[in-house]
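Labels run A, B, C and D following the written order; every chain starts at residue 1.
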Amino acid sequence: MTKTLLEDVKKIFKSTTGTPFLIPTTGTGAWESALTNTLSPGDRVVSFLIGQFSLLWIDQQQRLNFNVDVIESEWGQGANLEVLASKLAADTAHTIKAICIVHNETATGVTNNLAAVRKILDYYRHPALFLVDGVSSICALDFRMDEWGIDVALTGSQKALSLPTGMGIVCASPKALEASKTAKSVRVFFDWKDYLKFYKLGTFWPYTPSIQLLYGLRTALDLIFEEGLDNVIARHGRLAKATRLAVEAWGLKNCTQKEEWYSDTVTAVVVPPYIDSSEIVRRGWKRYNLSLGLGLNKVAGKVFRIGHLGNLNELQLLGCLAGVEMILKDVGYPVKLGSGVAAACAYLQNNIPMIPSRI
Amino acid sequence: MTKTLLEDVKKIFKSTTGTPFLIPTTGTGAWESALTNTLSPGDRVVSFLIGQFSLLWIDQQQRLNFNVDVIESEWGQGANLEVLASKLAADTAHTIKAICIVHNETATGVTNNLAAVRKILDYYRHPALFLVDGVSSICALDFRMDEWGIDVALTGSQKALSLPTGMGIVCASPKALEASKTAKSVRVFFDWKDYLKFYKLGTFWPYTPSIQLLYGLRTALDLIFEEGLDNVIARHGRLAKATRLAVEAWGLKNCTQKEEWYSDTVTAVVVPPYIDSSEIVRRGWKRYNLSLGLGLNKVAGKVFRIGHLGNLNELQLLGCLAGVEMILKDVGYPVKLGSGVAAACAYLQNNIPMIPSRI
Amino acid sequence: MTKTLLEDVKKIFKSTTGTPFLIPTTGTGAWESALTNTLSPGDRVVSFLIGQFSLLWIDQQQRLNFNVDVIESEWGQGANLEVLASKLAADTAHTIKAICIVHNETATGVTNNLAAVRKILDYYRHPALFLVDGVSSICALDFRMDEWGIDVALTGSQKALSLPTGMGIVCASPKALEASKTAKSVRVFFDWKDYLKFYKLGTFWPYTPSIQLLYGLRTALDLIFEEGLDNVIARHGRLAKATRLAVEAWGLKNCTQKEEWYSDTVTAVVVPPYIDSSEIVRRGWKRYNLSLGLGLNKVAGKVFRIGHLGNLNELQLLGCLAGVEMILKDVGYPVKLGSGVAAACAYLQNNIPMIPSRI
Amino acid sequence: MTKTLLEDVKKIFKSTTGTPFLIPTTGTGAWESALTNTLSPGDRVVSFLIGQFSLLWIDQQQRLNFNVDVIESEWGQGANLEVLASKLAADTAHTIKAICIVHNETATGVTNNLAAVRKILDYYRHPALFLVDGVSSICALDFRMDEWGIDVALTGSQKALSLPTGMGIVCASPKALEASKTAKSVRVFFDWKDYLKFYKLGTFWPYTPSIQLLYGLRTALDLIFEEGLDNVIARHGRLAKATRLAVEAWGLKNCTQKEEWYSDTVTAVVVPPYIDSSEIVRRGWKRYNLSLGLGLNKVAGKVFRIGHLGNLNELQLLGCLAGVEMILKDVGYPVKLGSGVAAACAYLQNNIPMIPSRI
């Protein structure tokens, strides 16, 4: 089973040349796997800080003793690619060993443009590795590992795959594998070398994997391929668009500052200054059995987040949006009940396709 | 475990004097159990015909060779208790052996007034047995077996208990048990006598029960008692009220003709003559992954049904209502999107209580 | 799914002409379905009494008001076919409407010869229906509905299919279906007519079936067909032979009096008079977590039963046999520990095939 | 739930002063957690090499850049404590920072004497940390973290706890926590610091844990506490003793060279030179559906292993032993069938207690 799983899991990365690793760990461990296998202590890495999850990854990069060159954006903005361009332009000595970017920053609902990053790297013919956190994007957003020349992409079982937690899924390009041969970061549990050794032997595992999650992954992939990966991505687009239309109808602002960065897996909503967004999340939990996301760190109290990721359909989202309307009213925001749902429905009613297996 | 189950299951009937039977069968089998254990072929029974499920029960009564005295109402109306009164008044010889009534007619969304039936029986001091189908009511609507002098009440595992199908739950009053000693209807599988024999022996089962459903029933009862049976009933009231407000906002009519009969577990919605209600159900299934109920028999094509029963909360219902709005638009009904949801939300936002375990 | 299930389930009966019914009930209900659909009150049926389960079926036949002509054998013997022959010979008026026989009497571990019954019926050209309880035989013993001219065969989900309880599986020959058109026994829940009506409509179910058991049946059939039905039957033969060799090695007697009646799904073991077989069962449960069967009714205290049916393999059986040896010693029977297991192993080691999927 | 889990999980270590970490990883990750949190690169550690699992841990220690002082024993022997004593005696400068020992070496079925290690450390008043791999011992063998002065003990979810894989359970003494403050090994995913930070905040998790395994752990602990931890350990002693008696009866040798090292969770059996032990394992898998353990590394082909760990009872073990007998015969070893089972039964029949909940 492992053999076909390793073959099939590459499809969610849109990669044919990558080598996947199914590691019994979390997203944090998958990050560590990506970094320690490709880089050596002291290596200069350029890393974009745009929200809480990129912040945590950068913290990890620093604690792993890389020389992290942080490009910071205001929270709510995407990666500042102009600064990247200037850094690459200046780096004729190729001291930059890797670019680290979170594809979709969950804290602010910002999606970065990976194709543009690749373009810049190519423009400057820069050999830096291109490392991408796809935790809240892969299987939900358009993601093209091979086409965009991504060297390490990673995700976790509990996001768009809708599995329980416990599996970090990492995919390495041939260039990343090559880099792993000389990377000097200390690693054992996360070492690809051990995996590759057992891949060759045909026994696949350097230690006991999470059998139950392998069966789960098999089923998750089957469900995704049955719906069609591109249909899954289109569905996420639909849910996100509907959510944004509701937010607009409520007269609230998206935390994401420009349309080009809008995330199709999570929407961070900015509340007026007289409201504490934590109170919104709290009421969702305590009165409506609704799980919204808190504003994290710099946007704590200022935004709440609506996740629209994974095994979710339109009516479930509409129930959630109706719940948000009631909560907004609860906390004193003058929302017109039904307004967001109406805006979402007006869009969805024109755009939901028939369910193929039921036509 | 069976012992405490038999004790606890009586609570959902609000009975302390009843004897419950957990029969590996369906609602149809539970009906048969109620009838064959208490009546003899040729016995006169008064039975109310108000929709498809009462019709099916009457069909069973006739095929079991009872002399069925049918009191028919227009579909959308409740049981005609005036006719019952006149029949009882006339029956000084007590030829009527039982009154059979469906508490909640699922086909039309009509709830009958059981307390009123008891009042009439008492008024005429009539000894007829009072047999009640509570399949879509017990654990969701106000139901008081002892207080209302019900002799046999029954439900199924797959309705308000939210279990899989396969268990018919029947509760018999002392008077019903007494009647079972002389009832001459042929029965073996459904015979209470065999159950009672094994109750006495303390081994409880005349044949192998559905062990898995017994565990399920234990959990279902635990969940209901944790929420509180009266809170569960209040929640159904809230969901139903919200649904009816949405129907009104859409400008559509409830199939149930008077407010006193409104069902809190299902709402049957009448569509305009130029629309085929089956098309609404079909689109729900084929486009929105929403299961609505078809109009049955006399109301086929004329009504569709929204179920709001069991393990369901307000946001799930609102998602469903939003779906119905889109479907209505799909089939050419001039609905204002968001209108029903808005009406429902306006009511719910003022009436949903905090979740006790999360306060 | 129901459609292919109905097609596939016929294979376990080895029938191509039969019509199956998947009834949400137990074996007792399946009995009732077989009888009430094919017979009328007062009909003469010949029924073999050879143990507790045939006794219970006969009790049902009598309570359903058939005129039961019982052919009794000593417990431990099979059906007395000579008496059957003489009754058929005498019945030139064809007053006998049905022969009822339990294929495998679980209480005594006796398997009846169905082919021989058919031969006798054919010899006398007698048109009686041939009704067979296959609860503890079908899917485990050689069973050929069409070849043996069986008119109704039945089993339950929780026996050789190794599913949870809750489904009675009944298969009716064309002749049985024909009989059902005129049979006058009162029935509704068990009435085939309602099933046949919905078969024609293509919606299949007159009332809500046990969905979860339909999925279970699908899986159970898949597992059986993967192993191969004849291999499954051979495995039961192997397990039974090993058990009998162990019993012999212990110096104990099989309750089944002749080899021709030996059951391949259960072995009833006779204990010496100074031992109470209930004590053996009790100790199995209380000390070894082993479920043995009690001696029932006439053989209470005299036999205990070892079930070897369903999803069971050789090593599991050997663990059970080792447990029985320890229990026998516990209760004072002078068993040589290891003797039964040795005898079973000597046979099994020469007869277990390789597991095809692992060769 | 996490709070009571963290409290209760300490009981399986027999520790009141330890701090547990429930890490979404495997045993290999738990090793890494123990080492990197307490030691710095270049630190001298004394490590015992007695089989494949200690070998792998040592490999990890070396790759993590510790200065590993290996004390090797012949495979089948326990840790050479005399060499440890002489090293500690010589180490007056306290250059040895930690002693690393595998409590139970799964490859050879050897259990080391942890109390004796503590005695030697105390005798020399040596401050080295005492790190113990308890993967195949904790919850099955006598283990006393506090009494034996163990500084880090670790296990995995999939061994004696009988859970799925995916959780490394690590317990750190106050001294180990103190050491973690200055340990310079690079770590992020495995860093206790992040856990301790969230313990203080009361939110417990630095990243998403395996929720499903937390529920599983709750149930596993409940089952163990219900049986009684000491009863669980006694059961493992019983199963192991029975296994060794069977091995002896077969005329085969235990790979473990002295009784003092006998493992109660796994028995490695030495086969005669003319037999390839891999063939035994292969036949178990291919013919008897029995999973035996291969001989690993130095003992490949020479031993096979019988695991008797976790949720296993006596009859299941006896089935396994009967299977081994047949396999031995299959591969040409002149075993007397039943001999091992008889020896095991003779012991077990005198030593199995009644099941408390069923008395």
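Some observations on this one:
The rule we apply is simple: contacts are C-beta pairs under 8 Å (C-beta built on N, C-alpha and C of every residue); 3 or more make two chains touch, one makes a residue touch a chain.
Here is each chain with its UniProt name: A, B, C, D = alanine--glyoxylate transaminase.
Here the structure is a predicted model, which means the values were calculated and not measured.
The chains in contact with subunit C as well as with subunit D do not exist; no chain meets both.
Separation between the centroids of subunit A and subunit B, computed from CA atoms only, is 47 Å. Centre to centre, using the average C-alpha position, subunit B and subunit C are separated by 38 Å.
One finds 57 Å separating the Cα centroids of subunit A and subunit C.
Looking at subunit A, no residue sits in touch with two or more other chains.
Arrangement of the chains shown, judged by which pairs touch: one closed cycle in which each chain has exactly two touching partners.
Across the complex, subunit B is touched by residues 285-290, 313-320, 322-323, 325-326, 329-330, 336-339, 341-346, 348-349, 352-355, 358-359 of subunit A. Against subunit C, the residues of subunit B that register as touching in their complex are 24-29, 31-32, 41, 59-60, 63-65, 156, 158, 164-166, 185-191, 206-213.
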